[in-house]
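Each of the next two complexes has chain A plus one more chain, namely chain B in the first and chain C in the second.
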Partner chain A sequence: MDVIESALRQGLGADAIIFALAAIGLNVHFGYTGLLNFGQAGFMAMAGYGLAATVSTFGLPFFVGILVGLGATVVFALLLGVPTLRLRADYLAIVTIAAAEIVRLTVGSVTLKDWFGGRDGLQAFTGTFRDLNPFSERTGFGWLTYRAYDAWVILVGWGLVVLRCLIVWALMRSPWGRVLKSIREDEDAVRSLGKNVYGYKMQSLIIGGLIGSLAGFMTALRQAATNPDDYFTEVTFFAYTVLILGGAARVLGPVVGSILFWFLINLLGGFFTWATRGDDPLMPTWLMTSNQASLVRFIIMGLALMLLMIYRPQGILGDRKELALDAR
Partner chain B sequence: MRVRISAFLALLMGVLFVAGTALPASAAAPSQATSMASAPDELAIRGTLIDTTDRDNPEPVEGVTVTVTDSDDNEVGTATSDAEGVFSVPVPGNGKYVVEIDTDTLPDGTFLRNTEDVNKEVNVLGFSSTVQFQIGPDNRDTTSTAERAVELFTSGLLFGLILALASLGLSLIFGTTGLTNFAHGELVTFGALAAYAMNVNGGLPLVLAALLAVLLSALFGWLQDTGFWRPLRNRGTGVIAMMIVTIGMSIFLRYLYQYIFGGDTHTYSSYVTQSSLTIGPISVFPKDLVSAAIAVVVLVLVSLALAKTRIGKATRAVSDNTALSASTGIDVDRVISVVWIVGTGLAGLAGVLLGLSQQVEFQMGFKILLLVFAAVVLGGLGTIWGAMLGSVIVGILIEMSTLFIPAELKYVGALVVLIAVLLFRPQGILGRAQRVG
Partner chain C sequence: MPADTPIADFDRHAEIKQALSDVEHEPGAKKPDPILVADNVVRRFGGLTAVDVDHVEVQRGAITALIGPNGAGKTTFFNLLTGFDRPDTGSWHFNDKSVSGVPAYKVARRGMVRTFQLTKVLSRLTVIENMRLGATEQRGEQLVSCMIPGLWRTQEKANTERADALLERFKLDAKREDFAGSLSGGQRKLLEMARALMVDPELVMLDEPMAGVNPALKQSLLGHVKSLRGDGKTVLFVEHDMDMVRDISDWVVVMAQGRIIAEGPPTAIMGDQRVIDAYLGAHHDAPMTQEEEERQLAEVAEAIEAELGEPGTTSEETSS
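This part shows the complex of A and B:
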């Protein structure tokens, strides 16, 4: 029972928010425009480190840090978009994944330790955010409670998620959003109608990246620290799993996907930890030790991503007709 | 068809699980033994004082007093170096300590390399720590830039050749099926882990284990294509959807490897350390020389096969235009099947060799995946000769770049080149200038 409670708490907690935001950004890229951005972790890192370095290294105010983070994300999107948006989809995938690794290796390097803190990352940049916290004690409903700071992070986080969902909803029913969707379906047809496909793709990359940057801010604020490993390539892949689970090209797809994903991941993790704990565990030790227990959920996750993509590419909420992934 | 995919996945899990459950029993024993051996009976800070004034004939320094104080400035103990120059100060527990060397007790004619270096901070965490004081003038082997450049070129060339094996596999599969395989790194790891398992757990000699590992990789490729990718192609799954499937497969396999083999690095049971050979200005390990030779022979053989044999020509035809080659009577499914067998076999060989020159680890392939992509894009995605050329260039570039940038950023250099290539020459060095978007 504890396992389920804890999994529910995680399913509504900070991880779910971060991946919901990252996946909403990917939804704009991949779900609506058909851009294969495999470097969402890079966008998140630009934002997280933009904020942390501005406040912690250069001593500027918190909100300047937020602006720097957003600015860095836009620059990153432009740098990625210029060389690749004219090329085939898989080129964008390779370049974005490479760029995200460049960012991660650079901020984690000893050479730039004075700026970004190397492997230790940066701390002490959340003062202003902490001061704004209206909660002073454990907050929540019934058994679903969080520590004061976590509650504040979660409140702000879900607020941002709702806001982003509204924005995406509004954007995608506008004429601009319809152009994006038609680019996804048939780029050449849109071009022949006189639309500047390259420009639209670039705008989509920037907007999705900015939404992803909020996930980067939340990652940094959640643990009051940044660390290069928070922005590992797998973060992007998890965000894809979240998106495809919930349903791409649906406004609420990423949100549903993220809650369900983190609920299931923690449920599985909790179950296998419980099953391998103690002197006489439920699971025979030749099959699984407690060290291995934490890995099973990721194995299942990889398998789930494969099977989802094969048998139900539209996810839970999606519409198979809308998402013509087979366009190329 | 649905049944076929599920059956393949079930089979894959089954096989890996049987392998996995068979392994830990034998793998656990040595790891326990080593942890027993290294278990500290008593925590101490140790060190050896060596005078390196005469580089070829370093002399231990005897009779030097060393004092250890804890973080509250309380003296923990002192020790004097013995005839071998060794000192050891027992400490009560974990924590930060400062080790101070008494320079007055140094014998005449010996001095600290860095005269300010009398205090050293030591962090004791569960096991005894070693502290080093440099004595004598700084006369370390200062290799000239030219010598270093030659050295780096050699190691870069070797790495590039190994990379070429992996890239060739990726490029062949991409060329014939259009699939950008993000799980290719895991195929590299597969070869290394298979060789490791048969070598260390199975007790086979490394050469035999390596050969079997490559065959097993090829078999894995055939199984993957027949049981998984071909049914997906036949049901009309799009290339982008399949790309995301490969990501799922990459995560699945990587964590499965970690589940079975653990998170630490392993080495094969033989050829771990070797004395280096000196050929002209180059000094190289014999094992690396053999690896390079194997890589070159295999690359040449595959190239010749692609250029001269029937199936090779058919492969290039399918790469060029699948529909057209199908209509001229080429059995496309058979060609793709062969390509998967050869491609994963090559990836497995790359893994075996990489495990030999570096170490075996569950994410070794994932770590070089982006370099493989960089190499393939640099040479021209889908071109066969380009993949090899690109790999060698990337390998050399990575190593040589450490002359100018810190070694920790050497992969960044390669990835920046990848982006720059796409900016100025998206078709790569050997790709034809055609629309790629």
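This part shows the complex of A and C:
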């Protein structure tokens, strides 16, 4: 059936990769360290625009652009962390959400149009990436195929996801990861045992931000353009949804969550479009018209998430017993 | 619990008793070998002066109790000394080195480790992971070297052995793999104390170690605190439980309204007029026995009669 096929293609496609990467970063922040970062879109924008502006505006090589993007992310993390990491977690949430908006409005501003292209964004920075593409025609397994450029983006993307998962796994089973998890539980207790809590939180913010920056690169590369609207606050909220759906503080939680999220939302969208199509649709018109089909999927998805939170608050891979412990 | 108290503690106890026998029973008394010395420590919250300590010394190797009525500033003083709060003025020295203004984590690394009044275990970590966290200078806790297990495996193994030994001593070995959040209140107190020992501190600062602990476990906790002295560690603890203070402390410091009002060995402190005043208020000449109460009532009645004159006597006649 076309609907399932298309949904599966999306579930393994670029959207799933981008949100998996963003959510892996958030997992380091929120799942392991307990930092409420609501500005992941800002980290992504720093990376996306760092790359695009370096190549397209200043004419420097592609890999310099990548380095600039990573550097910009680290600077962003430091700017956010220095004033707020000494404060309580909720302040970080407020500051990060504001900072992400500042980044989005800055790159979209008329004053800086010459650098960042204003509302139109930036294009023409993917030349080197395109040249590296080993595929020349539609590629895939069996019926699951993608256009050549998409296939290349997806290959690189899943490679990055696997690599990041391995890094997160290695970090979190080490004593360093133990300190992060302890900070999530009670930072004063960790301080009383002689650990520099502020330093660890900063490291966590930077590492999670760097992983988020890969999501920013992928966003820019996959459509060969950057636009301020790609880095709306809702990107962060979708990433949180993906993380909680999959299970926070689990290495594979964000990946499972992201695949499932994009598969389901496309499945629902595809189904309702199909069911309301034509002159004599399956769905009676008093219930739903074809214009409403694409919106209803969000309503159903929201309902599904509410039910998940009520009956399985730990997410798909989480451990209910662990969540039930009072976090005193 | 004699089983928990090594023979070493009896010798040490006697030694410390001897050392403290010449110390004056006055606030701010000089000790022969102080590990911690604090001067002019003042902390104000708006108009309220929570702590105002002129001078206090803590004897090395001894168990010192810090007591006082609620709101006396004991916990605030603890927070100041350990770097969890900043004073308005004051300086304090640990092992003759200044630790005033030093951040909490550095204070802990110098060998001054505290526990909390509201126990802080790391709920979603297992008991053994809680313990491992306590070990200091772990190579695996640095961002770069943590990626290469070969660099920290040996150290981790040594830390785990030390943690297991402590868990056994604190009778938590059966709970090794359980989440710390599933422990009972008393077990949490034990875990917190054991975890503090993983830092290998010289001075252990316990904030109300007995709060919310049942009497049976209390006895075993007492044994554990005494055994710290046997290990050669110095203990400073805040406590409300007078039995515990009398039982285990070598020296008692009494705080009231932010100031240190008395110092001395437990036996002397219990009878100190200033301490009784602080706890019960200065007008505490309430009757202690039935006879006394009757005698006092009679006195009052007489005084009233004398003032009222005739009516008193008449009423007495009619009633009899």
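Convention: the second predicted complex is superposed on the first by the 303 of 328 C-alpha atoms of A that agree within 3 Å, B and C clash if a C-alpha of one lies under 4 Å from a C-alpha of the other, contacts with A are read in each partner's own complex, and residues count from 1 in each chain.
Everything that follows uses one rule, which is that a residue touches a chain if its C-beta (ideal position, glycine included) is under 8 Å from a C-beta of that chain, and two chains touch if they have at least 3 such contacts.
The model shown is predicted, which means the values in this text are computed figures rather than measured ones.
Q: Kindly classify A:Ala189 by the partners it touches after superposition: chain B alone (first), chain C alone (second), both, or neither?
A: second
Q: Can A:Pro83 be said to touch chain B (first), chain C (second), both, or neither?
A: A:Pro83 contacts chain B only, not chain C.
Q: With the two structures laid over each other on chain A, which partner does A:Val28 touch: chain B (first), chain C (second), both, or neither?
A: neither
Q: Mind telling me which of the two, chain B or chain C, contacts the most residues of chain A?
A: Chain A has more residues touched by B than by the other partner.
Q: Is A:Val197 in contact with chain B, with chain C, with both, or with neither (first, second, both, neither)?
A: Second partner only, chain C.
Q: After lining up the shared chain so the two structures overlap, which partner does A:Pro313 touch, if you call chain B first and chain C second: first, second, both or neither?
A: first
Q: Quick check on the superposed pair: does A:Ala248 touch chain B, chain C, both, or neither? Answer first, second, both or neither.
A: Neither chain B nor chain C is touched by A:Ala248.
Q: Touch test for A:Lys181: chain B only (first), chain C only (second), both, or neither?
A: So A:Lys181 only meets chain C here.
Q: Would you tell me the residues on chain A in contact with chain B in one complex that are also in contact with chain C in the other?
A: The overlap between the chain B and chain C interfaces on chain A comprises residues 325-328.
Q: So in the complex, the part of chain A that touches chain C is made up of which residues?
A: 167, 170-171, 174-179, 181-182, 184-186, 188-197, 203, 321-322, 325-328
Q: State the interface residues of chain C toward chain A in the complex, per the touch definition above.
A: 82, 84, 103-106, 108-109, 113-116, 118-125, 129-130, 132-134, 136, 138, 140-143, 146-147, 149, 152, 156, 179, 181-182, 192, 195-196, 198-199
Q: Per the contact definition, I'd like the list of chain A residues that touch chain B in the complex.
A: Against chain B, the touching part of chain A is residues 34, 36, 82-84, 86-91, 93-95, 97-99, 101-102, 105-106, 109-111, 234, 237, 240-241, 244, 286-287, 289, 291-292, 295-296, 298-299, 301-311, 313, 325-328.
Q: Can you name the residues of chain B that touch chain A in the complex?
A: Touching chain A from chain B are residues 2, 5, 9, 21, 24-25, 180, 232, 236-241, 243-245, 247-256, 258-259, 262, 370, 373-374, 377, 381, 406, 408-409, 411-412, 415-416, 418-419, 422-423, 426, 436-437.
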